[in-house]
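Only one structure is covered here, and it is reproduced in the block below.
Chains: A, B and C, in written order; residue numbering restarts at 1 for each.
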Amino acid sequence: MNIIAATIRRELLIAFRSPGDIINPLMFFIIAVTLFPLGVGADTEFLSRIASGIIWVTALLAVMLSMDSLFRADYEDGSLEQLLLSPQPLYFIILAKVGSHWLVSGLPIVILAPVLASMLALPAEAMLPLLAGLLIGTPILTLIGAVGMALTVGLSRSGLLLAVLVLPLYVPVLVFGTGTVSTALGGLGISGLLALLGAMLVLAICLAPLAIMAALRISVS
Amino acid sequence: MWQWLFKLGSPKWFYTMSGQFMPWLTVITVILLGVGLVWGLAFTPPDYQMGENYRIAYIHVPTAIMCYWWYGMMACFSAAYLIWRIKMADMAAKACAPIGFTITAVALFTGSVWGIPTWGTWWIWDARLTSTLVMLFLFAGVMVLRSAFDSVDAGAKAAAVLSLVGVVNIPIVVYSVEWWNTLHQGASNLSLSNTQANPPEVWLPAFFTGFGIFGFFMLALILRTRNEILQRERRADWVREIFRPGKGEF
Amino acid sequence: MLSVKDLFCERDERVLFQNLSFYMAAGEVWQIEGSNGSGKTTLLRILCGLNDEFEGRIEWQGQDIRRVRQDFNQSLFYLGHTPAINKTLTPKENLSWFCASRGLHKQDQIKQALNSFNLYGYDDMPCYQLSAGQQRRVSLARMKLSEAPLWIVDEPFTALDKQGVIELEAFFAAHAAQGGTVILTTHHRLEIEHGVKSINLDRLAGLAA
């Protein structure tokens, strides 16, 4: 079996055997979104105006919180060292790992988002832009989060440190993601923004694994 | 030329050389800052729109521009450290982060001070201020990450990797915030950057303060780096020589 | 196969070893000895390439190890303190991943490898249900599947019973007899008739100081 398929299979097996790693970020997403109407009032007109912002910010936080399951188990049981000593190309193994992680933590968030968005009275014509933005944006968030995770996996209590490192880097994705919805609601075309997000995704796919490799070597030494 | 670059990597050479030209740099900086601040704050004509209140720009604008370049400089040092293992580069990068944080904080503070008379509020989500706030977080992140590691070397390398990741992101962040700002602010031009033509007697002092502030923070960088050198090389003979009782000035 | 010249390593401002030079040829078994904290694990990790805070030169097959990194990784089997076994996967899945990560097509030999380490019938239980000793043996079973000539193992005898120790020693001896090289650290006295070369870091540090 080639290494990429083997990696994806391994990651998915591990993920499905620890259902908490999949369910907990989703539950956080749902509960956090629920807090907003409780905090700002149930006025649907007002909620509909801030809906995309709420969805995006909580999705972003949920993705960030889910990053802990990415390298921690491997770091603790020594698998990470073996990975760094593997003769197979580490670049693709890392991409496969991060990709599998997105499949089990980012993608469910994207799928659940329309449900929550309609609870927040997001107008129907904004659904597709929201989905498209999240679909392209969550992998970027996962990749950036993976860089942060690789840097902090060897440190204790690294959860908040990860937030400090990674949230500023999430700003562009957040801006363009919510911008997609605002632009669509304004009646303008969103293909330009989606292309921009797509370009950021390509950049992340190309560069993030390099940073992750360097960071993993530091964390393991 | 390579000779000179190799020498630059030697902490002892940097220490002695910086000790020699620092007095000159100090004098030049004091002159530039003195002239610029006095001229800018006291002797320039009031702006027709903002009255006397724009003068804080003589400090705000240089620091606001400088925080980005400072991060870029820190990233260059980090790259030199990661690629060529030059320890001197890491010492300089380590010194850069808190100074960069300070520059950004000064930019934000002076921006707020400018904002109070101009907009009636000390904070506004305009593109410049928001980008600068993100820069503050980026500098803080580098400092926090370095200190989170027990091993000095691991912390140095991790901070270097983070700096490089950050530097790639800065243009994207700045562009995205500017775009966000145009989307949400619309027509109201509450930007601090007045792009109307200013006569020379208004922007000339800016040169002085600009270079003066740059010199000031470069001095801070050199001083911090010298401290870092002394701490890391404290067991070397040449450092012990400096602190031998009876030696006096260093 | 592996030669080290003038290795210098310092950690937390304490010099662990300096001017360390040795040559390990094929078919040899090397034991790195020293008290706790003398730098045995650090030395092993430097040899593997996990730790690059050192000065000096390491050569693999006569070439600088940094140039032939992939070739070296292909030829190396490393076993550290932690078993490198994912606890939610079964032994079979863990070994299957090991084969894939080294480009080996040995799915049919996995069961045999597990059996040779006394893990009959445990193939399909998740590893968290195994004892620490059993998990260690799953990790050791990888050696049976590995085709790497150079083995670097850190404290391989932990959590093994007396019979397990004897079998493992025989395993190392057999590997060396076939032309492989084994470098290991252990507090235990090795009983390998093959003859064991040793490096004692305490003695070397004493000499240098």
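A few remarks follow.
Please note the rule applied: a residue touches a chain if its C-beta (ideal position, glycine included) is under 8 Å from a C-beta of that chain, and two chains touch if they have at least 3 such contacts.
Please read all numbers here as calculations on a predicted model, not as lab measurements.
Located most centrally within the structure is A, per distance between chain CA means and the overall CA mean.
Comparing the CA-atom centres of all chains against that of chain A, the greatest distance is found for C. Here the CA centre of chain B is 48 Å from the CA centre of chain C.
Per-chain CA centroids place chain A at a distance of 37 Å from chain C.
Chain A and chain B have Cα centroids separated by 32 Å. In chain B, no position touches at least two other chains.
Shared contact sites, meaning residues of chain C that touch two or more other chains, fall at 53. Along chain A, residues 221 each make contact with two or more other chains.
Within the complex formed with chain A, the residues of chain B that make contact are 82, 134, 137-138, 140-141, 144-145, 148-149, 154, 157-158, 161-162, 164-166, 168-169, 172-173, 175-177, 179-180, 183. Taken together, the chain A residues at the contact with chain B in this complex read 147, 151-152, 154-155, 158, 161, 164-165, 167-169, 171-172, 175-176, 179, 182-183, 200, 207, 211, 214-215, 218-219, 221. Of all residues in chain A, only 1-3, 6-7, 10, 13-14, 17-18, 73-74, 76-79, 81-88, 93, 217, 220-221 touch chain C in the complex they form. Residues 45, 48-53, 70-71, 73-74, 76, 78, 80-89, 93, 96-98, 100-103, 126 of chain C touch chain A in their complex.
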